[in-house]
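Presented sequentially are two complexes of chain A, the first with chain B as partner and the second with chain C.
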Partner chain A sequence: MSAPLPPNPAKELNVAITPELIKSHGFQPDEYDLIKDILGREPTMTELGVFSVMWSEHCSYKNSRLLLRGFPMEKKDPNALGKVLVRAGEENAGVIDIGDNWAICFKIESHNHPSAVEPFEGAATGVGGIIRDIFTMGARPALLTNSLRFGDIRTSAQSRRLLRGVVAGISHYGNCIGIPNVGGDIYFDKSYEGNPLVNALCLGTLRHDQIKRGAATGIGNPVYYVGAATGRDGLGGAAFASKELSETSSEDRPAVQKGDPFMEKLLLEACLELMEVPGLVVGIQDMGAAGLTCSTAETASRGSSGIQIELDLVPQRETGMNSYEIMLSESQERMLVIVTKGREKEIEDIFAKWDLHAVQIGEVVEGDEMIVTHHGVPVVKIPAKRLADDAPLCMQEAKEPATIAQMRDWKPESLQPADEALLQKALPALLNHPTIAQKRWIWQQYDHMVIAGTVLSPGSDAGVARLRLGDKEKYVAIANDCNNSYCKADPYKGAAIAVIECLQNLACSGARALGLTDNLNFGNPYKPESFYYLKEAIKGLAEACTFYDIPVTGGNVSLYNESPELAIDPTPTVSIAGLIEKPEHVTTQWAGRGQSLVLLGDWPNELGQSMYLQELHDLKTGAVPAFEFGKIQKLIDLTLELITQGKVKAAHDISEGGLLSSVAEMLFGHNETIGATLDLSQAPASIRKDALLYGEGPGRIIVATTDADAVLSAARAKGVPAAKIGETSAQGSELKISGTALSWDAAALRKGWEDAIPSLMNA
Partner chain B sequence: MNIRVFVNYKKNVLDPQGEAVGRAMQSLNFPAHPHVRVGKTIEFTVDGQDTPEFRKTLDKLCNDLLSNPVIEDYRYEISQ
Partner chain C sequence: MDMHVAVIQFPGSNCDQDAYHAFASVLKTPAKLVWHKDKTLGDARAVIVPGGFSFGDYLRCGAIARFSPAMQAVKEFAANGGKVMGICNGFQILCESGLLPGALIRNNCLEFRCQEQWLKVEDSTAHFNKETLGQRVNIPIAHGEGNYRIDEAGLAELEKNKQILFRYEENPNGSLCDIAGIRNKAGNVFGMMPHPERAVEPFHPSQHGVALLKAFLAE
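And now, the complex of A and B:
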């Protein structure tokens, strides 16, 4: 047994560790035994808090890490473009080579629970946190995107309030700090009622020699605290994010942090300036979730050394904070920096110039312990590596939910074939659904043009930005996706389809995929049904990424996404970054007049889990559409080949809303709305009309071209099915299907599509 | 009746504007404590009497509209 630590200077912390305290810190009894085993004694109250945040799902991935081992972390050919320079889990964010000695660093992270309690501040600090993860690596942030999920804003005032607050919070932080928000994805579904998902992504650029590590090495090197002062913000936020939302969550109030984007801008510039000084920075890490605790434990663990800090030296915004509060505070805009001994003045001068605190709070010490003192009294003494790396890893029980078989067994034949009146009505109904409708109301609140690098505004298949890299320019595209209905019905296929959908979106923009970051949003892992979703979705992601040779470079796991009524639909959000070789390859979804429309891939023929079933028949059921990885690879290669050869003017994949919705979106151009005449007579007669027009499924891309024969023969050569499905009109805006009475005015369709979200939000 | 409602962040919530004003005070060598809080005042007049029922309505107004109870506190003054 080790000797107990002396009493804490703060009397209120000298309490016996009761089973209630252990439980309220989120520990199972065997986990507490492990803590005692690591320490060789009972933990102090402060240590209990330290373990609780470090071993929360947010920091330790305790319920998911074993599953995540299936992800490919590197390219199969280590010398191919897109080589992984910093792997997932090594540091704050992964880094990928983009050639010419430059690299990109990107990651997505969730702020779901804080956004549910206080949407504006929750979303804003989510953006702030992910930006810090990127510049900590030495990268200059270049763009933001986000993946959002809300309840149905047509029926729920609460979801409208959350959407309004979240969008305002994202735009506040991103706009103030001056990083463009180039796109994202959003779905509305009642499973997210009361538990919205806010996943924010940041991508930055850096030279290979600029990569910084978060390791504390070199005995005697000083440990600096830089940035904003510590207050009682978000006490226990990381632990908070690993609990289900309950009726009392709104009482859980101190867990809301408030961000300060102007402070973060100073911190960003100061840190990047600091990191440019040769040999000055030894290690650097942001204080995100679990603040000072996580940054000291992880830097010491990575550096295989000890670290000692004194809390009296930590800048404090409030008086009378005790060691528990200081260690667990989640105040924003703070970083931990380890610099070379003897060069203290250099860091202090740089931070003084930017009007920021840079205070030495401790040093790297011999041994392997993280030692924290308060008023000179030791209050935490834990082996750092065991704290950071030895969190219990669990494999929970998984059980296939009964709904999966029910949905899979649903027979489309049970539905009467749609008559023309229904087919006519369905298109405007789908285009007006908030998930499909135009998202301008959202992205116009974001500054998507700042830094003047945005090539494609939000609204096309992927966001595209021009990166200025020394004397070079490169074009990066980023696509986000995840269809929750698919994942609910079949998490394995749904997750794989999310990867495919991103790859298709990138291909439609002219980009070749490089790397993937994912945000796994699921319910309580201790419920076997929820754990089944998590396990199967990770398997789907892993197999898709392995097949397409897309390394996973990092991400985030957010569990316990449940409101009192129900768990959210499983949502493994996927974001893939890709490169566009030449600016002339940047392609949009907007067709021009007098062009042929060619469908690449099979004819749509499945109704399962489609928006059409949900909206027109009130059925959220059916089997998830089938796909073959190999066929989709051919389709993506073909699309990119056609784009690089200049044979394609516009490209758009078929996703929510089916073929007709995709065609309609291609007609809603920047300058005018155009019409089209479709001829679907080549489709096999065996396909139901509703499945042909509104069925969904991966593996289908529509391209607009002035040389349909060349596209068709290229498709034949690649072995991809292809058929000409119509032409855009020379004038007017009528969209019609020849051989039927189906006809719409595309301008009227567009009006409904554009007005759907504003009319709900501005009412 | 004249009502003045004062809204400010809860004690533990960061006030970036207050912090910025505090830093500016210090850089002007003004001998202030740096922890400045910047709140807002809402003034309006209403007809009627200052009754417990009225105060209940006013509290509801402050909670639902004039302040964000998740991060802000309020107090008010009523004068004739």
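And now, the complex of A and C:
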């Protein structure tokens, strides 16, 4: 047995560790035994807190890490652009080569629970947290996107309130810090009622030689605390994120942090200036989840060294904080920096310029322990590597939910063939659904143009930004997706389709995919059905990424997404970053007048899990659409080939709302709304009309071109099915299907599509 | 040494680099960033007070920035006839500094607005007149507090002296008389909420910012 630590200077912390305390810190009995084994004694109260946050689901990925090992972490093709320079899990975010000695660093992270309880601050600090992950790596943030999920804002006032708060929070933080929000995806579905999803992504740029590590090395090197002072806010936030929401979750409000984007802007500039000084920074890590605890433990663990800090030296904005509170605080906008000994004045001068705290709170020491003292008395003494890396990893029991087979076995034949009246009514109904409707109400609140590099604004298939890299320029594209209905019905296929959808969106914008970050939003892993979703979705992501050679460079797992009523639909949101070779390859979905529309890929022929079924028949059922990885690879290659050859004026894939919704969106141009006459007579007569017009499924892209023959022959050469499906009109805005009575005024469709969300939110 | 355009950098400025690049990379005009703690502007031919959230917009937009040492230098520069342009937060700072009349309050929609914005070019100065810029320009906005306010007498002064540079074609923020940009009476200090530095590159919503910034620099 090791000797016990002396009494804590704070009397209230000198309590016996009872089974109740162990349970309230979220430990299973065997996990507590492991802690005693690591320490060789009973933990102190502060140590119990330290272990509870480090071993929380949020920090340790204890129920997902084993599954995540299936992800490809490296590019298979050593000659392809996009070599992984920093792998997933190694550091705060992954880094990928983009050529010419430059790299991108990007990651997505969730702030679901805080946003459910306090939408404005929850979303704002979510943005702040992911930005810190990026500049900690030495990268200058270049863009933001977000993946949001809410309940149905048409029927739920609570969901409207949450949407308003979350958008205001993202806007508040991103606009002030000055990073453009260039895109995102958002779905509205009953399953998110009371448990919205807020996944924020940041992408930054850096030279290869600028990559920084979060490792504490070099005995005697000083450890600095920089940025905002520590308060009691966000106490135990990581642990809070690792349990289900309940009726009393609002009592956890102190676990939600408060953000200060101005402070973060100063911190960002000061840190990037600091990291530019050759040889000054040894290691750097942000204090995000689990704050000071996580940053000291992880830097020591990565550096295979010991670290010692004194809490009296930590800048504090409240009086009387004890060691438990200081160690577990999740106050925002703070970083831990280890610099080269003897160069203390250099860091202090830079932070003085920015009027920020930079205080030496400790140093790198011999051994392997994380030692924390308060008023000079040791209050934490834990082997750092074991704390950081030895959280128990578990595999839970997985059981296929009964609903999966039920939905898979649903027969489209059980539905009467749709008459023309229904087919006529369906298009405006789908375009007015908040998930398909224009999202301008949201993104007009985000500064999507700051940095003056935004090429394609939100509302495009992918966000595109021009990166200014020294004297070079590159064009990066980013797409986000995840259809929750697909994932609920078949998590394996649903997750794979999310990857495919992003690849198609990138291709439609002219971009080649480089790397992927994912945010796995699921329910309670101890429920076998929930764990089944997680396991199968990860398998789907892993197989799709492996097939397309898209390494996973990082991400986030958010479990326990359950409101008192129900678990959310499984939602593995996917974001893929890609590069556009030349600015002239940047392509939008907006067709021009007098162009041919060509469908690349198979005719739509499935109704399962479509928005059409949900909206027009009130059925959330059916098999998830089929796909073949290889066929989609050909489609993507063809689309990119056509774009780079200048044969395509616009491109848009078929997704929610089917072929007609996609065509309509292509007509809602930047400057005017145009019409089109479709001729679908080449489609096999065996396909139901509703499945042809409104069925969904990956592997289908519509392109607008002035040379349909060239497009069709290129498709033949690649072995991709293709058919001319119509032409845009020379004048007017009528959208009609020849051989039928189906006809719409695209301008009227557009008005409904544009007004749908504002009319709900401004009511 | 070349005369340069001085772009003031406050803590919280976030359009400083964009303004710098609009001059240095697009207009190919020497430009220099000046830290807010600097007491001099060096050999400046003109000054840009850029957009952003100087000092976090705490207290009131621009209210703290006006006390920065560099702003004292800007005041002297303007008093000697030097050209100064405030963009977005810079416009707010110039109003707070007393270099321009009026004030900017919260958008009447109570939300931040980022969008393309058509502006009517008013017949104001020899450099910002219809001959140089045409009748209308498309320059993006991005602000939460761009609602221009001034008392009746002040407005009458602005109109009488033709100090209004731009008006919104469709008012995005409730601004009085659709005012998007003004100048001082002497004609050397300009302020506007829209961002000309975001309308200079081929992929921007327009390139009207190029003519606008050139008009600002014209002797």
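FYI, the second predicted complex is superposed on the first by the 762 of 763 C-alpha atoms of A that agree within 3 Å, B and C clash if a C-alpha of one lies under 4 Å from a C-alpha of the other, contacts with A are read in each partner's own complex, and residues count from 1 in each chain.
Going forward, a contact is a pair of C-beta atoms (placed from the backbone, for glycine too) under 8 Å apart; a residue touches a chain by one contact, two chains touch by 3 or more.
Worth saying up front: this structure is predicted, and the values here are computed from it rather than measured.
Asks: Is A:Gln445 touching the first partner chain B, the second partner chain C, both, or neither of them?
Replies: Second partner only, chain C.
Asks: Considering only touches as defined above, state whether A:Asn175 meets chain B (first), chain C (second), both or neither.
Replies: Touch partner of A:Asn175: chain C, not chain B.
Asks: After lining up the shared chain so the two structures overlap, which partner does A:Asp233 touch, if you call chain B first and chain C second: first, second, both or neither?
Replies: In the superposition, A:Asp233 touches chain B alone.
Asks: Give one of first, second, both or neither to describe whether A:Asp260 is in contact with chain B, with chain C, with both, or with none.
Replies: It touches chain B and chain C both.
Asks: Examine A:Glu91 and indicate which partner it touches, taking first as chain B and second as chain C; both and neither are also allowed.
Replies: In the superposition, A:Glu91 touches no partner, neither chain B nor chain C.
Asks: Looking at chain A, which partner touches more of its residues: chain C or chain B?
Replies: Greater contact footprint in residues on chain A: C.
Asks: Could you say whether A:Arg317 touches chain B, chain C, both of them, or neither, answering first, second, both or neither?
Replies: In the superposition, A:Arg317 contacts chain B only.
Asks: Which of the two partners, first being chain B and second being chain C, lies in contact with A:Arg466: first, second, both, or neither?
Replies: A:Arg466 sits against chain C, while chain B stays out of touch.
Asks: Now for A:Asp355: first (chain B), second (chain C), both, or neither, which partner does it touch?
Replies: After superposition on chain A, A:Asp355 lies in contact with both partners, chain B and chain C.
Asks: Mind working out whether A:Val117 is in touch with chain B, chain C, both or neither, as first, second, both or neither?
Replies: first
Asks: Enumerate the residues of chain A that count as touching chain B in its complex and touching chain C in the other.
Replies: The answer is residues 260, 262-263, 355 of chain A.
Asks: Once bound in the complex, which stretches of chain B touch chain A?
Replies: By the definition above, chain B touches chain A via 9-16, 19-20, 23, 35, 68, 70-71.
Asks: Chain B touches which residues of chain A in the complex?
Replies: 117-118, 121, 228, 231-233, 250, 253-254, 256-260, 262-263, 317-318, 331-332, 355
Asks: Would you pull the chain A residues touching chain C in the complex into a rising list?
Replies: Going by the criterion above, the answer is residues 168, 171, 175-178, 260-263, 265-266, 353-355, 443-452, 454-455, 466, 468, 583, 586.
Asks: For a test of understanding, state which residues of chain C touch chain A in their complex under the given definition.
Replies: 11-12, 14-15, 17-18, 21-22, 35, 37, 52-53, 55-58, 111-115, 140, 142, 144, 195, 197-198, 200-204
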